[in-house]
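Following are the structures in question.
Two complexes, one shared chain (subunit A), two partners (subunit B, subunit C).
For the complex of A and B:
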């Protein structure tokens, strides 16, 4: 549960967060114990301690890779959000092409990223552009759908109230429909954070000059499974940070819920 | 304050109707909501409208607010000009049945919504609204959000929003419908007070016959659906009206006449509902 006071809203680590941390620690502890007790070979599952040690040892390279991937994901995310919200708003103002547009977008999006990633590499090259494009594409769809749903959620009577004041389409959009849609837009944006990191990594694995996906690919080639896990841990960490940053912004922005 | 001084004390001048409706019909598919509705509202008059639930009261308001076009053939006149309903958008101050406050706006920003739409700079609009807060019993609540208010306060914010949209004709759709009896009585007196100070023409929907008589210069009783005017009852009680006027013989006599008419119509709509159930 979110807690807030009337005037200023303070952040209290909620029971959910505490439970999440405890759960995570228990998982890692169980993992460590299992690998030691069962003496699992590292290519099956390395111990957590080994992975953490690897992260510390290779921190410079991992940080560079994380920055690379994070940069791609963030750029694609911002572009995707802008396109998603922008197109949804346009369709709210000019609704006639809406049905066709939504079906085409849905059809294209039912193909998984790996499906069209080779094409993106072909069109945008092996550099960061192809990753940004893939992320932007996927994010824009999610944000588009949630924005559209949010804009539709508006109370007809509230629209009528605005109309009775002589408000036009733009005033109604700005003062009523967008604020009404904000909770859903924010939810779509929050969900998209994790997706954007995943997609950046997946496309990197298919061809890149750097980034966590590239690190994972190289490590697999060299049969260095500790390195694979180290990169996965770092990816999870940046996903978590990204997700929670947007969640925090959402919590501040959508204060009335 | 909302400056609109009118010399005459009570009932508006019938020679100067601000709103006239004649032969107004409205059908939604197979449902006839209004049938041959006719009424005339004088400038500065306080007219209350009562009628059985679902008889078309809100539909009438939607038409007068310009939100809904009546069926063709009816006559709609506003400020002595024949108009389409849509011409009335932005020219009538309309308070819908639910308060419809925007949860992301503070009390003050909800109140100035119409002013903002009209293009008044926010700062100026806020200053004006701040001055009105005490009169609407909202002092100190300027920066509160709707979810922090009681039902009565929310209703007053909605009323304030309606008042700040300064149009001669105000439409209030059951503004006190959701309030408990005590708060309601207080709000009624308060509304008369505000109205006395800034005369506007008010059309006021209610389910409560006492409220209709206590507030109005005239009461319109509507028929069961399709809604028309069943009875027009003048209320010649002196103003300002004190709360105990409801026990005066004159009040009770008016009430008796109204109740008889309403009873008849309620029975009709009840019978119609029962009939529909049997028919199914």
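For the complex of A and C:
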């Protein structure tokens, strides 16, 4: 078993990627073939070629919508990461309200986004503010929890060592605890990317002036399912780009892992 | 049915937990009501808890029917999704080629906003309980698959070697070592999936339905009925909390040696 894992790590990466690509091609091919052979009506499942064609034809509108949604998601993401990391660091420095704070945050987070989205729309209006707020809220929780877990992972002996050399709380935080926590913080940030796009779209579908969620909602109302799938493809693509960008940043930043 | 009896056993055998839960809820209720009264928060932002409870109490039948419907959708999707997730994770663990071929696509599928998918699912399966269960299923199976795979892969190679050296067949290796070892990880995903499956069911109800918590929420949103939104939210989070507590209770029974709380 051990030998097998070592072997897979050194030789196979390219083969894994190959298999993934083959799987993707098989899915797209099977999809295309199924829609053509079974002559499925487009409202059941449009062929991939039809969806791609629709994306190319409506690229201007879709790009504008993707930019709108991406902007909301990015703004909310940055705010959420700042709040999440900031609050976790504050709690690491001043730990007394921690238990209560964590349990309240967990309780609030257990309410699904779709639940509080209507309230955010009422409070912040139909514009981009409500989407940014929803994304920031959800992202800050995930990043907060993973940052807190990361800061806790520090080795007691390392802290004692630094303290014995006269390092203060802030120095220990900056030179030891934050670098130790970085892999977990980055993992939380990476997971949040996809979530931020999805949440922006969900809130847009409930009410918006633009964006992919708005496009999807309009298309559903007009029973234009090629447009729905086109928007879904674009949403999926920008999620993947966002995810990989943060993954790349993580790879550069947390170089030692 | 077996699951239901197990649920109640897990939940109520630990009276202590229930007591703490009730105390926590009471504290939140008091804090809610008091903060509205003390700070004079406008009902538009946060209505008094008593007003919200009144709204639920004045039409209890509607809420009861909605809870029953949404709970049925959620549970059906959750149970099938969890079973499928564990199965898929185990299959991926044993067949690496299959994992490499299919897993990337499952990852990509999770970047699709479920709400967009909702319209299509309702179209495929009709406006039935089943269509909403499919949404819950879709959100449940992925985290369970991932954690099953991770849990199975995290087995100590030394233990594996020991069992193999005593001539344990593959089947025994899986059921006696790998699967029990993966259970704590699997349950982490199962707990996470409780709220996800509830979201799936509620979003599924948005695409045209007459009963369900998602319907209540959507109607209240369109009427800008803030009390109605809070009432639906309150009931939904009560259902979600109960669901989560039930799964956590089962977890304590099943993974008695190491429940990650």
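The rule is short, and it goes like this: the second predicted complex is superposed on the first by the 238 of 257 C-alpha atoms of A that agree within 3 Å, B and C clash if a C-alpha of one lies under 4 Å from a C-alpha of the other, contacts with A are read in each partner's own complex, and residues count from 1 in each chain.
By definition in this document, a contact is a pair of C-beta atoms (placed from the backbone, for glycine too) under 8 Å apart; a residue touches a chain by one contact, two chains touch by 3 or more.
It should be emphasised that the depicted structure is a prediction, and the values quoted were computed from it without experimental measurement.
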Which of subunit B and subunit C A:194 touches, first, second, both or neither: second
Contacts of A:176 with subunit B and subunit C, given as first, second, both or neither: first
Residues of subunit A touched, compared between subunit B and subunit C (which is higher): C
Contacts of A:37 with subunit B and subunit C, given as first, second, both or neither: neither
Which of subunit B and subunit C A:19 touches, first, second, both or neither: second
Which superposed partner A:239 touches (first subunit B, second subunit C, both, neither): second
Which superposed partner A:60 touches (first subunit B, second subunit C, both, neither): neither
Subunit B versus subunit C as contact partner of A:165, first or second or both or neither: first
Overlap of subunit C and subunit B interfaces on subunit A (superposed complexes): none
Subunit A-touching residues of subunit C, taken from the complex the two chains share: 24, 28, 44-45, 96-97, 100-105, 108, 110-117, 119-120, 123-124, 157, 160-161, 195, 198-199, 202-203, 207, 214, 217-218, 220-221, 224, 226, 229-230, 232-233, 236-237, 240-241, 244
Subunit B residues touching subunit A - in the complex, by the definition given at the top: 62, 65-67, 89-94, 96, 98, 100, 102-104, 113-114, 116-118, 144-145, 147-148, 165
For the subunit A and subunit B complex, residues of the former touching the latter: 6, 155, 157-158, 160-167, 171, 175-176, 179, 182, 255-256
Complex interface listing, subunit A residues touching subunit C: 1-2, 8, 15-16, 19-20, 22-24, 26-27, 43-44, 103, 107, 110-116, 118-119, 121-123, 194, 197-198, 201-202, 205-206, 213, 216, 220, 225, 228-229, 231-232, 235-236, 239-240, 243
